[in-house]
Amino acid sequence: MLDKNGIAKRIAKEIKDGYYVNLGIGIPTLVANYIPDGVNVVLQSENGLLGMGPFPLEGDEDPDLINAGKQTITTLPGSAIFDSAMSFGMIRAQKIDLTILGAMEVSENGDIANWKIPGKMVKGMGGAMDLVASAKNIIVAMQHVNKAGESKLLPTCTLPLTGVRCIKKIVTELAVLDVLPEGGFKLLERAPGVSVAEIREATAGKLYADDDVPEMVID
Amino acid sequence: MINKVVANADEAIADIMDGKTLMLGGFGLCGIPENCIAALVKKGTRNLTCISNNAGVDDFGIGLMLKQHQVKKMISSYVGENAEFERQLLSGELEVELIPQGTLATRCLAAGYGMPAIFTPAGVGTEVAEGKEVRNFDGKDYLMEYAFDADFAIVKAWKGDTTGNLIFRSTSRNFNPIMAMAGKITIAEVEELVEVGELDPDHIHTPGVYVHRIFQGKDYEKRIEQRTVRKRD
Amino acid sequence: MLDKNGIAKRIAKEIKDGYYVNLGIGIPTLVANYIPDGVNVVLQSENGLLGMGPFPLEGDEDPDLINAGKQTITTLPGSAIFDSAMSFGMIRAQKIDLTILGAMEVSENGDIANWKIPGKMVKGMGGAMDLVASAKNIIVAMQHVNKAGESKLLPTCTLPLTGVRCIKKIVTELAVLDVLPEGGFKLLERAPGVSVAEIREATAGKLYADDDVPEMVID
Amino acid sequence: MINKVVANADEAIADIMDGKTLMLGGFGLCGIPENCIAALVKKGTRNLTCISNNAGVDDFGIGLMLKQHQVKKMISSYVGENAEFERQLLSGELEVELIPQGTLATRCLAAGYGMPAIFTPAGVGTEVAEGKEVRNFDGKDYLMEYAFDADFAIVKAWKGDTTGNLIFRSTSRNFNPIMAMAGKITIAEVEELVEVGELDPDHIHTPGVYVHRIFQGKDYEKRIEQRTVRKRD
């Protein structure tokens, strides 16, 4: 079973040299820490930046330079700043190669819910609906089950949707799964020490698993 | 050259009356028009509809206007980090319309570019699509979303000249240039007001034609919402 | 009867302090020479410039700095450069207060034809269709009759249209006329020494003229 | 940072095959990709569809490609000042589609911003409207026009860095940044290629994400089409 950093590490292996990547808040943010040497990527922050760098050194914070999570950050050499219309323009035009974001629920057909829980204060979808509707390649980083122990990989989402038929890959503390074009989750890899049975137990939606599902290799 | 300079925030917002629709630039607390917000709080204008990506925090940004019950409706993409906002929303004092961030941005662009509507896939199949026209292009569904129609746009720039040309600094650019284009009347406050000729024409982000009033702002606090740092060795 | 410069001079009086103005090729370009002192205007060139200045001094030509007529020009202090999408964006959004352009024909209901003559090589409409369809305030600067002696103010245009119901004012060598919302040309001013009868003779479309039409004052 | 540098124009355009659709930046002869045009002439690629505001002059710009009969179709707003163009058009060798300049620009923007279609009043009631959907918004008619779908965009910038960020100079900007956004593959030639970090992020007109190949151009002629001057006293 992976911890959050383990999930981030595994996802980092999906990033190819030359990718422009948008990282959501939470586990996705951690992915930046595990991008292999020699893999050149540019991180986009949808508030209007390409070439996001690490947090600033203490005392170097610039209030005019934040990421989409409103955190103080830095830019790397070669960065570019633009307005929010261009930022979502490049997202909509699929110029971003990979989007990684969290989710509350994902359904068998690739629907995602990650912005609203009925009865709770709704803070808003931010850029999530734009990202999921536009991205050509989305990986969901999340826990396999919620705090109540219920599966987050469902036949259909129960929460209000963020987007439909858009998720293609999911990485959890238990497994790496593809969402099949014809519907259903295809188990690709098991977390170290996790059995197919455990994954099946934690997956409410239809799960397809070969007899011999390999264990993840994380560095 | 045409001169757009007004003395200060009070003069710039003097004709913003109760019930108007305002766009306010900024992302979180980054690049918000601090001076104009303070002047609006002082003036006490009420029943405002505010189009802004966020709603400030309890004691800064649009949060200051919320606290004074000046806002009737917020049109935003994300309104977290604001307890008073939450209280007013739950009590029914405040109306809120949540819009995907890219849709919010593109509806500004549409207004500034004279395009009555745009198409975006954001929100297709979700509650955001309710009541909206869905149209399929090349096998993909899009929502038709309308250009905003705002009485005033209020933006904050880094530098501006007397004819209204604006330059923004780093990610404080965000929604500012596109809202500047979208307002029927656009008010710009700047950290540094300069004479015409001091800004390189190639570096202008917002041409002055989009700006109706400009003034030298003061006492910028530029509050940081999430101070994240690396330790120095 | 006015010459081209006279037409330009008369049109210049329509320009108010604070106007952003787009000047077409031909007589409209001459208008820039007659803007009164104390009237601050900004000239837009639709290839991406606000704040167009006069032609450069000999030897100062910059191939990267041209107007929409592809002439070498200069910028004035306070100018701004932008791309063609923004340029036509501000035109479409009616941020330009006044557009002045030439025409081959104008009809009683404000239609304009100025881009194509069937049987002749068609060079293209350039930005003319965008300008006439978008501008809130258009003045046509043209000769009252064509080289064959035929009126250019017609009941309906005979040439392919550039735009419909968009022209509100016309200045010719003979007259200043409004296009009435309900259709028809309203004679506002006569050129010095030109009679209403002469103008009526040169106007094929419906012409409304009061008994006492004032002569233009062009200092 | 990602490196997009190729050696020269020949390498940059090597995979542009016969029959492709190209966007070419520039307005008149101002800001045209001289090096790439020369390389295309040398390569002899044929049956091209060229989207460009103008078609060059007889002996420069796209005119050089026309002379070699490499262009099957021009999509432009204005094609004057070119006798060979006129001859080919009248003889039926060349197809031409004339588009209002603002529509041309906005169809580029639409492609770059992932908007399948836009609305513009330009051409309503004219032959440009034939076969197009007309839609009324708020009492005014608009045509629906589709985003361009070009295989390649070829642009010329003043400065660019190795990761593809571009800065344009003066009115040579024109169609270049919006075509750069619109190409499936975008090739940029620059007067000065610099290392990453040398360009101010706030001054970038085209972020590198839109650019796939960049190279240091050479021998720019920058021909002037209409040399207009004032006499020195």
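Per-chain numbering from 1; labels A, B, C and D assigned in written order.
What we mean here is this: contacts are C-beta pairs under 8 Å (C-beta built on N, C-alpha and C of every residue); 3 or more make two chains touch, one makes a residue touch a chain.
Everything numeric here is computed off the predicted structure, so don't read it as measured data.
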Labels of chains that are neighbours to chain C and to chain D: B
From chain D, the most remote chain by mean C-alpha position: A
Contact-richer chain pair (by C-beta pairs counted) among A-B and B-C: A-B
Approximate Å spacing (C-alpha centroids) for the pair chain A, chain C: 56
Distance between chain centroids, defined by C-alpha means - chain A, chain B (Å): 29
Distance from the mean Cα position of chain D to that of chain B, given in whole angstrom: 33
Between chain B and chain C, centroid-to-centroid distance (C-alpha), Å: 36
Interface hub residues of chain C, defined as touching at least two other chains: 49, 75, 81-82, 85, 88-89, 91-92, 134
Shared interface positions of chain B, touching two or more other chains: 106, 109, 113-115, 120, 169-170, 173, 201-202
Category of the chain touch graph - line, ring, star, complete, other: other
Chains touching one another, given as label pairs in label order: A-B, A-D, B-C, B-D, C-D
Of all residues in chain C, those that touch chain D in their complex: 45-49, 54-73, 75, 81-85, 87-89, 91-92, 111, 121-130, 133-134, 160-165
Residues of chain D that touch chain A when the two form their complex: 1-3, 111-115, 161-163, 165, 181, 195-197, 201-202, 204, 207-210
Touching residues (chain side chain B, partner chain A) in the complex: 27-31, 53, 76-80, 86, 89-90, 98, 100-106, 108-109, 120-128, 158, 169-178, 205, 222-232
Chain D partner contacts - residues on chain A that touch it in the complex: 17-18, 20, 40-42, 44, 49-51, 75-82, 85-86, 88-96, 134
Chain D-facing residues of chain B, complex: 106, 109, 113-120, 137-138, 140, 142, 146, 167-170, 173, 201-203
